[in-house]
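Shared between the two complexes below is chain A, which pairs with chain B and chain C, respectively.
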Partner chain A sequence: MSNEQESTGGVRTSSAEGGELRERVFGLRTAVLRSDAVTGVFDRITGRERVFASVQAGFGLGWMLVFLFAPLLYIVSLSFWQRGAGGVVVQEFTLANYEYILTESVDLASLTFKNLYLTILFQSLKYGVFVTVGALLLGYVPAYFLGRTVTKWKAALLLLVVLPFWVPLIIRYYAWILVLGNQGLLVSMLGWVGIEASGFLYTELAVVSGLTQALLPFMILPIYNSVNEIDSSLIESAKTMGATPLRSFYEVTLPLTLPGVSAGVILVFILSVGSYMAPALLGAPSNTMVANLIESTFGQNLDWPLASAMGVVYLFVLFGLISVFNRFVGLDDVFGGGAE
Partner chain B sequence: MIEKLNRRSFLKATGASATVGSAALAGCTGDGSGGTAETTASDGAETDETETTAESEELSDTLNFYSWGGSTQEALNEHVIEPFEEEYGVTVKQSSFGGQDKMLANVRSSPEGSYDVIMPSTATSYAAAKQGLVEPLRLENIETWSNLMPVFEDFSVDPGESTHVAPLYYGTIGMGYNSDYVDDSNGLSWDLAFDEEFAGQVAIEGVPYVRVFTTALKLGMDPNEMVGDAGSYEEGVKQVYDAMAEQHELVKKYWTSGQELTSLFSNETAYVGEAWGGRILSLQDEGYDNLKYGIPEEGAYGFTDTLAIAKGSKNRYTAEKFIEFAYRDDVITNLAPDIGYPPATEATSSDVEALPDFDPSGGERLTFQDQAFKNEHQQEWSRTFEQIKLGNY
Partner chain C sequence: MSSRDELGWAAVKGTTGLVYLFLLFPLLAVVIISFQPSKYPTFPPEGLSLTWYEAFLDSDRMLSALTNSFIVALGASVCAGVVGTITALGFVRRSFPGKNVLSSVLFLPMIISPVVIGVALTAFLTRMGMQKSYLLLIAGHTTLVLPYIFVTVRAQLYGFDRAVEEAAMTLGANELETFFEVTLPLIAPGLAAGMLLAFVISFGEFTATQFWVQPATTTAPIEIYTMVRTSITPMINAMATVLMLITVAVPLALDVLLGKNLILKSGL
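Then we have the complex of A and B:
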């Protein structure tokens, strides 16, 4: 405590005589920045657009290289090593981790399939599909409304969509516990209309609904964006040519919002399949998802190599699924493919 | 402002170089001159010690302490950290973790010297020592080391010759229950957590090695051998798995944090199961008089939270002094009731004896997991536990 006071006292005294010093530093900095050497470099860079562009791109790529690819490379190499006593990583090459992940408890002779990793991976993908469908059904209407409506409240309504992002995810899940719990909001509300319930927490429904409410904005925003871009004269002309509102929706609006829908679907699917907190906090014991399995392998079992192999396989499966999705939907349209 | 003559400034003032004394008198902490002074002092003391030891045998300005968060951190703050800072003139920089896994991973992946004192539990101290994440304790620097209960002096959780962890307090993962629904008049037994009557109202800890340990106790086996009547480990562990699968049908939630366990019991999602004594105690303080905690007749998983010195600590000597301070009778008897667990030293008081985990036999009744045994079988326990959870067993 006393140290803190002393140090602030120290800052105060130095600030009294610091004015002059600051001016000198400022003057020096200006001189450096205006010197021919510095301005020359800037001129040369901005003068050549190509150099400028590659510096920009280089910065982004460098960032990716250091913070994404390097750790990923480490994880890939870890996945070929072994766990020693007490969780020490033994740097000897092995394929045992992958073999274990893919073939454990699989007996082709008796057709029994109880493979832990693949069962849990399949379960995660299943929840991902449920959440994506749920978010699409719940998100399309508000997104459509936001995109088509003409009201001065539009900004406020959009803010409401983004507002949950200001609250940390874990708090939103705890709030969901308060809603679904056995003494929760939903149970009380059902009680008012005479329905007895004992809470909905620690079920598959709790996981899927919790993820849906948490990820809904990721569905609404891209769809809103593509609805917003529709030229309203297209819909009007469909109607003048005799199309019913329903038909004009199916033939004009829906196809034009597909890019937004696919972007939303991809985002929500990826985020939900990789979810860790929702199954841990809201789920029943059997609702384990792949992130939970990787975490307990990494943390409790201190088996970094096996956990890494699990991560790598997960990455490949997800990548494969998105490539298949790409075949059908054409993500180039969504994210603006470079070929055009 | 008058600078209190504390132990630190005393040590500094009596140091080899005059700059040290003036620096201490000026009340200065953490600037360049202090650093220069320390090297000067170490050069002088080079004769009988190696250079590195001599260099660190002086109190540093700061100590980086990485501890459990929440109420544990608050209690440590009030009863250990603040008095230590006052007496030694060392600034303790704190950070906290919510789980041992995160702590271990963080220490392992941070540069050496990021942390000085860390808090591994029994379950992780073995891994911490095996992975070389902790420095051996130089017991001669910890004058209060003899206060420790004998049971912790040759502690099975610490591999190798040297001592790596200093147990601070001990506890059990015993039975938590709601006395409105659970009848404890016949004493407590783990059978209650296997009773069909409580189907869907059982909450137990979701850690595989705790699960097999408690289940083995329930079956009357030695949890560090798991042989029992079965004749072999393979047969014995199968009985344990079968019992776990049977209990799984009754389990509402396998909790993994103190926060989770408190909410499960306090909002009556769970009536019976496993709990940490300290957490139930704090619920009782909040007015949940129907929530109880006890050690069943079959026994319970014992744990300790320890203080250890992180590998590459630059303030090793100060860290040892910190442990010495925490082991002092007056410090630890104040700390223990607030943390909710009895001290691992022999110090006691009426408040300490009132704690739910207090063992009057001086630690003889505590059962700890054999960490080498655990290390050998842990992977297989975890896999089977996951399969049981999925209903695949």
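Then we have the complex of A and C:
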């Protein structure tokens, strides 16, 4: 638009042609949008105002019904069926899959897991706690800095927090392999200061630190949002009243950032518990998490009913956690509020 | 500001710098290493070369995986763009019972482990007799990225002045004209930001995708995962750098071209 106004005499002809073309396109669009065929169909849909309202929201909800809820309901029924020879599903009712989950001991990579699934579920929750605590410790200070700084680089600095989120996870974990590996960067850097080390990969530490790094933006952004919303005169008046910087932080800033902290904690915890790639790429077999167990049961052992039962138990735990969190913070606040 | 304040602020700054290093250094290292000729990564790098980029460009497998990722990400972001926009319109402008709970439903694909979504959709569609194809990939990815479009368009709609629509109607535009000539251009920033985000997420998705691909539709993240698990060659660095260029530099450039920091303003 502005180009058109800025154009000078020399290009006036072409811009006039452009204007004519635009006019013609606009005319064509108007003709289509006013044609009986189009408006007729539209009228038929909108004829009943309330029907159309449900149709609008129903687009997304219907999509979720077909591609999320129906599949999830299907694996619930699958979890009560049996696995036949060669991975064929036999549609006969059984509780064997759940019995297996609750009782079976399994040898995996020379380690015996009593109650394999429950042990691994517990391990996933444990890693989730580690990652959440790690992300909170690492994320709070940068979020506070971003919320309080007045530099003109603020937008760029915020962008640097968001950017890693766009990089495919597989690449972020691969980069972590390069850092932690046997001939990795950390080993050679430690070598410069005279410390002998032999790589840190395939350990619990590697899984937890990789996940912490991957999920850190989910902690920083909501906390940043709540720091950013604090009226700085509140902090100033605390100081005027004689509060030390630390005291004004504890009494004013920290309570006001708690909504951001809880949103970040919930997001990071839920996402880390369901992680697949970090344990698969950075961990040893003993660092397996629930998602990996489901994948190997489904993809390698071809035991779809058992994998489904494992998925159902995971969903139960997930929705249990969500309903607990929901008492403190609404899920919609976490996503809708946190992202704005 | 007292000196104690300044000291505290310096500590905040220093910690922030270290966290940025933790966040960004590994990715930077991949880019730097991708330009060095030796087979094993050394740091600092010894010399510059494009050897591994040539190897990458010679690899038909890699190029076809990239093409597949493009097709799927484009399909999913367009599909989710249409569905997400209509849905957000319904949620913001109409009232119906159970709205809050129902809007939470739209966020579920963000929080349920992608392994479970992948397994469930595969099992369900196999049962329905559907073959693994681009269609399955696009439908699956649309489900995964729909929440992002919903959030960005909804945010745009909250700040929307409906008087401009009424003005258009008063001036004789019908409802469709009003939507395409007035409403859509005004929510375009949110929609564009959401679709860019959707493209980027679909392009890099691995975990659910591993259940949905077949050899002909293998995507770039799947190829990289296979390479990382089987034989780590320096070609991965080149491939990873190209993928970062596509998922970071291209959306950023588009963001600057289309408007000012749409993506940043939209939050994620």
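Keep this in mind: the second predicted complex is superposed on the first by the 259 of 340 C-alpha atoms of A that agree within 3 Å, B and C clash if a C-alpha of one lies under 4 Å from a C-alpha of the other, contacts with A are read in each partner's own complex, and residues count from 1 in each chain.
By our rule, a contact is a pair of C-beta atoms (placed from the backbone, for glycine too) under 8 Å apart; a residue touches a chain by one contact, two chains touch by 3 or more.
Note that the structure is predicted; figures quoted are calculated from it, not measured.
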item	value
Superposition on chain A - do chain B and chain C clash or fit	clash
Chain B versus chain C as contact partner of A:Gly40, first or second or both or neither	neither
Partner, of chain C and chain B, that touches more residues belonging to chain A	C
Touching partner for A:Thr288 - first (chain B), second (chain C), both, neither	first
Contacts of A:Ala57 with chain B and chain C, given as first, second, both or neither	second
First (chain B), second (chain C), both or neither touched by A:Gln183	both
Partner chain(s) touched by A:Gly87 [first = chain B, second = chain C, both, neither]	first
Which superposed partner A:Phe145 touches (first chain B, second chain C, both, neither)	second
Which superposed partner A:Gly27 touches (first chain B, second chain C, both, neither)	neither
Which superposed partner A:Gly191 touches (first chain B, second chain C, both, neither)	neither
Which of chain B and chain C A:Gly299 touches, first, second, both or neither	both
Overlapping contact positions on chain A, where the chain C interface meets the chain B interface	177, 183, 281, 295, 298-299
Chain A partner contacts - residues on chain C that touch it in the complex	2, 4-5, 8, 12-13, 15-16, 19-20, 22-27, 29-30, 33, 40-43, 83-84, 86-91, 93-94, 96, 100, 102-117, 119-121, 123-125, 127, 139-140, 142-143, 146-147, 150-152, 154-155, 174-177, 180-181, 197, 200-201, 203-207, 210-211, 220-221, 224-225, 228-229, 232, 236, 240, 243-244, 247-248, 251, 261, 263-264, 266-268
Interface residues, chain B side, partner chain A - complex	1, 27, 29, 91, 99, 101-102, 104-105, 126-127, 129-131, 159, 206-209, 248, 251-254, 256, 260, 263, 267-269, 375, 378-379, 382-383, 386-387, 389-392
Contact set on chain A toward chain C in their complex	29-30, 33-34, 38-39, 42, 46, 53-61, 63-64, 67-68, 70-72, 74-75, 78, 138-139, 141-142, 144-146, 155, 158-172, 174-179, 183-185, 188-189, 213, 216-217, 221, 244-246, 267, 270-271, 273-277, 281, 290-292, 294-295, 298-299, 304, 307-308, 311, 314-315, 318, 322, 330-332, 335-336, 338-340
Contacting residues of chain A [partner chain B, same complex]	2-3, 6, 83, 85-88, 104-105, 114, 116, 119-120, 177, 181-183, 199, 201-202, 280-281, 284-286, 288, 293, 295-303
